[in-house]
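Both complexes shown next keep subunit A, but they swap its partner, so subunit B is in the first and subunit C is in the second.
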Partner chain A sequence: MSATALDTSNGTPARRDIQRRIIMTLGPILAALIIAGCILLAVGVNPLTYYGFVLERGLLSPLGVQQTLTRMAPLLFLAAGLIVAFRAGMWNLGGDGQFLLGAVTAAASGPLLVQVLPAWLALFCAFLLATAIAMLWSLVPALLRAYQGVNEIITTLMMTFLGTSLANVLVKLVFLDPSTTVPQTRTLPVEDRLPRLFDTTITSGLLLGLAAILIVHFVMTRTAFGLKLQIVGANPRAAVHAGLGVPKLTIAVFAISAGLAGLAGAVDIIGVQGNVRADWNPAYAMAVIPVVFLARMNGIAAIGFVFMLSVLSIGGESAARRLGVPHHFTLVLVSIVLIMLALAEYIDHRYNQSRKA
Partner chain B sequence: MTGLFSEVFLGALLFGAVTAAIPLLLAGLGEQMSEKAGVLNIGIEGMMIFGAYLGFVGAFYSGSLWLGFLTGALGGMVVALLMALLCVRLGLNQIVIGIGLTLGLEGLTALLHHFQFSRSYPRLPAADRTVIPFLADIPILGPALFRQHLIVYMAIALVFVMGYIYRRTQLGLNLQAAGDKPAALDVAGIDVVRTRTIAVLTTGALAGLGGAYLANVGAGIFIPFITNGAGFLGIVLAMLARGRPVWVLFGALLFGVCLSLTTAMQVAGINIPTDVIQMLPFLAVMIMLVLFGRRASLPAALGIPYERGAR
Partner chain C sequence: MCCPSSLISCSDAGRIMTNVSISPAATPDIVVLDRVTKRFPGIVANDSVDLAIRPGEVHVLLGENGAGKSTLIGMLSGLQQPDEGRILVDGTPTPITSPRHALSLGIGTVFQHMMLVPTLTVAENLLLGGSWWQRPKTEELEARVTEISRTLGITINLHARISELSLGEQQQVEILRALVRNSRLLILDESTSMLTPKGIDELGALMRRLVEQGLAIVFITHKLKEAAAFGDRISVLKLGRKVGEIPPERFRALGEDEIISEIVELMFGKRKDDPEAEEKAPRVLPASAAPLLEVRDIEVPATANTPGLSAISFDIRPGELLGIAGIDGNGQKQLAEALAGQLPTSGGTIALEGKRLDGLSVGERRESGLRYLTDDRLGEGTVGSFPVSINFFLKQVGAAPFWRSGIEQRAEIDKRAGELVREYDVRTPSLKTPVGRLSGGNIQKVLLARELAEGAKAVIFNKPTYGLDLANTLATRQRIREIAARGLAVLLISTDLEELLSMCDRIAVISSGRLVGTVENTGDARTRVGRLMIGLAA
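The block that comes next holds the complex of A and B.
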C-alpha cells in the first residue's frame, strides 16, 4: 500500500491500487472455484449445477438470503473474537469449545431465567453467563501462556476437545430436558427469543454481531488499549521494554476473545436454535479462522468474508440435499480459497519487491 | 468392580493402549523432526487423515495391509509436499496454511468417503499378528505387547533410529541447526530450505503411516474425521519430549492407556458416559502442560520462514 502511495509516475496510483486489490482478491477466488470444480467433476457432479444451487439458495432466494444473514450472527461474534486474539499475536484456536460452552450455558439458563425475570433481563443475564463461562474456560491457556510461556496453540486446541466433550456431558447428564426422549436441553419458547427484524426471519442477533465486530475494529485501530495489544502482537519483548504489563494484557486478550466466542454460542441459541441437542457441534470457529486471515484481521473486510462464508454454508447445505454432495465440501472450498489467496499475496509481495529493486 | 482387575480386562487395556499409542507415536516422531528443523507443522492432522483415507483405500482394493501402509505414507507425503512448497519454499505463514490444509483434507476425505463407502461401510479383516516366541507366553503382558502387527515393532524400533539420527549423523546436526540457527547452517554451505523440506516430507510420511495404521489396524475401517485430533496430540508429544524420541514413546504409551481406558471400561461394564471418558486423554495433556509446560523447550527459529539475507 505504502509503496504505491509514493509511486506517482504513471496514472492515478489510488485507482490502480484498488484495481490491483480487486484482481488480487477475485482472481484467487476464481482459481479456487475452478480447482474445487475439478474435484466435483471427479466425483461425478456438475460443478456449474452445484455453484448454481449454492448461489440460488444462499444469495438469490428471499428465504435463503434471510437464512444467510441469520447465520452471520454467530460467525461475526467469532470473527470479532479472533481478530482481537490474532492482532495481539495469540493463536486462540479453541473457539469451538468456547462457543459450545457458551451455547450450553445460554440454553441451560435461558429457559429457567425467563420464568422468573422479565424477558429482556433474562436474555441479558443468559448472555452474561455464557460470556463468563467461556472466559473462565480460556483462563488455563491464558495463565499458561502469560506466566509459563506455554504455546497457546496447543493448549487452546486441547481445551476445545475437552470443551466439546464437556458440553456433551452437560447436555446429556446435567441440563437434560426431562419432558422429551431426545437428549437435549430445555427449549427457550419462540416468543422469548431475540426478536426478528421487521417482517423477515432474520434474527436481530445480526445487528449485535455487526455491532460487536465494528466495536472490536474501532478499539483495535483507534484506542490506546488496541494499540497496546498490537504492540504485544508485533513484538512481545519490545512490549515489555515499553513498560506494558504483557501477562495481564495476555489474560485480557484471551478473556475478550473467548467471551466473544461464548457470546457467539449464546446468540445462536437465544436467537435461533432455542436449545442445544446432544452431539451438536457446527465447528464454526475453525471455519472462521481462515476467514479472519483472508480479511487480514480487518473488521470491516471480515464482515464481507463472513457474508461469503455464510452464503457458502447455507447454499452448500441446500446443494448437499439436492445433489447428494456432503456439506463437508464447503470446508474444501474454503481451504482452497485460503491457500490461493495466500499464494496471491505472496506473488503480489514479490512483484512489488522486484519493482522496487 | 470385580471386573476391573481381571486378567482379561488388563490384557485388553494394555493391548488397546499399544494399538492406540502407535499412531500417536508415529505422528509425534514426525512432528518432532519438523519442529527440530524449525517448521511448526499444524497440517499434521491433515496429513494423518489423508494417510488414513489413502491407506484404507490401498489396503481395501489390493487386499494387502502393507500396500495400504505404503499408500498411506505416500498420501501423507503428498500433503507434506504441498506444505513444504507453500511454507518452506515460499515462506507463507505455517499456522494459516497448516489449518487450511487440515480443514481442506478433512472435508475432502469426508467427501470421497461419502461417494465411495457411505452405502456399504466396508471393513478390513482383522490384521494378522506377529507372535514373538517365548515372550508372547508371559501372562497379561505377553498377548498385549508381543502379539502385535509387525509394523508396531518397526514403529518402536524407529524411536531408536531417530535417536541415532539426531545424535550421531550429519543430517541430525543439520536438522537441529535448521531449527535453531538457520543462518549458520546456510553459512556452512548447507541448503536450509532443502533440510527443512526433508524434515517436512518425513513428517508427512510418518503421519500418513500413523493414519493408515489407525484406520487399517486400529479400526479396520475408514470413517470421516477418524483421526479426531490424533495429529494435534502428536504436536503436544513432540513439544513435551524436548527433542528426545524416547520421550515421545513414553508419552504416546501414556496417552494410549488413556484412550484405551475408554473401550476397556465399556468392556468391563463400568457405566460412565463415553463423553466423560473421551475427555481423559485431553485432560491428561492439560495436566502435563500445567506441570511440565515451563520445561517444554522449542527451537529458536520455530515457525519463522528462512529467507537468505533477511534480518
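The block that comes next holds the complex of A and C.
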C-alpha cells in the first residue's frame, strides 16, 4: 500500500513538502491575525493601526529593534530550558519561579561580589549561584517525579507560586536596599553589567542566550545524552527496557531545565535591569511555552519564534501605552496563533487520512 | 455477493441462507459474523472469523489471551469496526457503529471490568444514559426491575450504593442494566474472573434462566471447566482464527471430561493442514555439557495486577532450547523481566557461564551476553517515532563506535544499520523511516538484529511469533533454531504449544508463577504438557 502511495505522489515530493509546510505555518498565523483583529475591532481599536504600531515599535524603529533583541536574551535561555524538559517528556511549568529565584540570587550576589572580585569573575559567580539556586528549587518536583511518579505539571506549577512569593519576600526582607525608598534590591552599577554590543543598547546577554539554545539543540539532537532524554520522553517503557536510569535522567532534566531558567533570570538582572524590584514578575516563562510548541521543540526554529514573541511583546508594550490595548494582548495573539496551528494540523491530518482511505 | 438483483432480496436471501444452511432449527440467528477480519498495527487480531449467535443458547467463546476474543466483542458491541467481512443482525448486514447503536440493536455487553459508577445507587446507574431533558422515570424502572428480577429469581435493592455491593451483585446489576434496555443478546466478557466460586455457580444458574427465556448469551472465558459447565455451544479461538466449534448436539452427547479433552485438542492440538506444523528433528546434545544459564529459586512478590514468581529454577546448556509453556498471564512476562533485570527480584540467583548476574543492571546483564527479546514490540521494544537506524542501537546509546565522547557518529550508525537491515532482511523504505511505520514482522526483525548481534550468549524470547504472519513466524523460528545451533542458550516463552513442540528440547510449564513440571520433548510430550497446563499431573 505504501509503495503505491509513493508512486502516485508528485515527482518532487521534497518541494511539495516545503510548500505545504510554509502554507501550514503562514496560513494559521494569518487566520490568527484576522481573529485577533476582530477582537481589537470589538474593543474599538483599528487592528491595522495596532499591527502597524506593533511592527513599527517592535521591529522597524532603531530603538525598538534594539529593545527587541535585548528582550530576546532571557527568553532564549527559558526556551532552551523548556526544550530540554519537553523533549524528555517532562512538563516543567515552573519556569517563572525558577526565573525569579535566579534573578533575585543574581541581584543579591552581583553588587556584593563586584566589590571583592574582578568584574568578570564576579558576574560569572553570580551566574553560577543563580543557576545553582534554581536547580535546588527544582529538586522537589524532580525527586517526586523520579521516585514517586508524582505529576510534575502540578508540582512545578505549585512550586512557581511558592517561588514567586519567596523571591518577593527575599527582596522585601532580606536583600532590601536600605539607601532607597523603593522596595528593591541593591542596584548593580551600569558599568559592571554585561557589556552592550557595539554602540547599541543591545545586551551581550543575547549572544549568551543564542549560544545556550544552540548548545541545547546540539546536545538534544546529536549526543548520546540527548538521545537518552528523547527516549525517556518518547517511550518511558522503552527507556526502562533499554536499561536507562530513568530516575537519574529525570533529575538531570529538571536540573538543566531549571538551571537555564535561573540563568535567564540572572542574565536579565546582570545584563539589563540591574536590580529586582518588589512584586516584579514578567512571567516570561509562561509566554515562552507556546513559542516552544510553535517551534516544535526545535532549537533553531525557536530562535525565530522567540524573536517574533519579542517583537510582539516590545511592540505590544508600546501599543499598550499609546492605544490603550493591554500588553497582555500579546499573549492573546500568540495563543490564537497556537490554536490556529493546532487546528490546521488536525485538518491536515484528517485530510490525509481521508485521502488514504 | 449472494445475489445480484437488489438489496432487499439480497438480505432476504441472506436470511434464508443462514437459516437453512447454518441452523436447521426454527430459531433464526440474532447476530451472524461473516468472515470478519480485524487488523491492528502489526497484528491480525481476528482472521476471517465466522460466528452464529442464536437465541436460547449460551455460546461460549473460548481462547487464551491474545486469541482475539476481546476484539470480537469489541466489534459486536460497536467499539470497533471490522476491516473485512460483515456483521448480520437479524439477517441484515448492519455496521454496528457505536455502543449506543449496539444497545439499540438489542446487544448488551457486560465488560470484564465493571462499568458502574460506584458512588451512585443501583437505580441511578440503571437510569444513566437516558435523555438529558427528561426527568428520570424512576417508577417505571422500579416496575420493570421488579418484573425482571422476579422471573429470574434475583433480588436487587435499587437504593443501595454500588460501592456497597459485592462484585457478584455488581455483575447482576450490569446484567439487569442490559435487560432493562431490552437486550436480546447478552455478552459476558470474562465475567467470572473476579467472582468467588459460589458467585460463579450463581452466574451459571442465572445464565441458564436467561437463555430459557429466549435470550442469546455469548460467554467469554479462558477457563475450560466453565466452558464445559455453562455452555450449549463452544467456539474455540486461537491466534485470531476460529479453530473449531462444538455444537449443542455434540455437547449433550459428551460428558464433561470428554468435552474438556476435545477442547484441549482444539486449543493445543495439531491440525493436519497446519502449515506451521513441522516435526522437530531430534537433536543430540552433549549430556555432559555444563549449564550456560543457571537460574535458582527466583522469587518476585505478586502485585495487585500481576502474579509473582516463586522458586523458579532451571538450567539451560549451550545449544539447548528450553520452552516455557502455560496459559498467558501466569508469570511469563515477570519471569522474562526478572531475568533481564527489569523487574526487581526478592530472592534467587542467576548465573551465566558461572558469572553471577543477579544484582546487575539491565545494561550490565546485556553486556554480559544475556539478551531479552520482548513481546511488546512497540510498547517497550522500540520507540515508534524514532528512525529504524536508531532503534537498532537503543540499548547501546553512548557506546563506541556509534558514539564517541558522547557525540553521535551518524556515518557509523548508518553503516552498521545498513548491514543489519541486509543481514536480517528488514523491509524498510529507508533507514530514516520511523520504526512504528513498519509491519510487525519487520519490527520483529529489527529487535532480532538488536538482540542477536555480537556478544549474545543466552537469549530470552517472550512470545516471539505473537501476531506475526506465517512467513515471518517461520523466519523467526528459523532464526531461533540457528542461534541455538550456534551454541547459545535459548529460553523460549510461548503460549503456542505447537511452536514449543516444534522447537524445544525440553518444555517447562508455568502456572501461577511457579514451574509445575518439565517435560523432555519426545513422543508423548504434547499430552503431558497439555495435562500440566490444565492442572493435572504429567
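Going forward, the second predicted complex is superposed on the first by the 344 of 357 C-alpha atoms of A that agree within 3 Å, B and C clash if a C-alpha of one lies under 4 Å from a C-alpha of the other, contacts with A are read in each partner's own complex, and residues count from 1 in each chain.
One rule holds in what follows: a residue touches a chain if its C-beta (ideal position, glycine included) is under 8 Å from a C-beta of that chain, and two chains touch if they have at least 3 such contacts.
Just so we're clear, the structure is a prediction, and the values are computed from it rather than from any experiment.
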{"item": "Partners on subunit A (subunit B, subunit C) - clash or fit", "value": "clash"}
{"item": "Partner chain(s) touched by A:228 [first = subunit B, second = subunit C, both, neither]", "value": "second"}
{"item": "Which of subunit B and subunit C A:166 touches, first, second, both or neither", "value": "first"}
{"item": "Contacts of A:80 with subunit B and subunit C, given as first, second, both or neither", "value": "neither"}
{"item": "Subunit B versus subunit C as contact partner of A:103, first or second or both or neither", "value": "neither"}
{"item": "Partner chain in contact with A:288 - subunit B first, subunit C second, else both or neither", "value": "neither"}
{"item": "Subunit B versus subunit C as contact partner of A:338, first or second or both or neither", "value": "first"}
{"item": "Contact breadth on subunit A, by residue count: subunit C or subunit B", "value": "B"}
{"item": "First, second, both or neither for A:220, with subunit B first and subunit C second", "value": "neither"}
{"item": "Superposition clash, subunit B versus subunit C, among 40-48, 112-120, 148-156 or 166-174", "value": "166-174"}
{"item": "Subunit B and subunit C contact sites that coincide on subunit A, given as residue numbers", "value": "none"}
{"item": "Partner subunit A, residues of subunit B touching it in the complex", "value": "40, 42, 86, 90-93, 95-97, 99-101, 103-108, 110-112, 114-115, 224, 229, 232, 235-236, 239, 273, 275-276, 278-279, 282-283, 285-286, 289-290, 293-294, 296, 298"}
{"item": "Subunit A residues within the subunit C interface of the complex", "value": "2, 6, 222-225, 227-228, 230-231, 234-235, 237-238, 240-245"}
{"item": "Residues on subunit A engaged by subunit B in the complex (per definition of touch)", "value": "39, 43-44, 91, 93, 140, 144, 148-151, 153-155, 157-159, 161-162, 165-166, 168-169, 172-173, 286-287, 289-290, 293, 325-326, 328-332, 334-336, 338-339, 342-343, 346"}
{"item": "Of subunit C, residues touching subunit A in the complex", "value": "341-342, 361-363, 366, 372, 374, 376, 379-386, 390, 394-395, 397-398, 403, 406-408, 429, 437"}
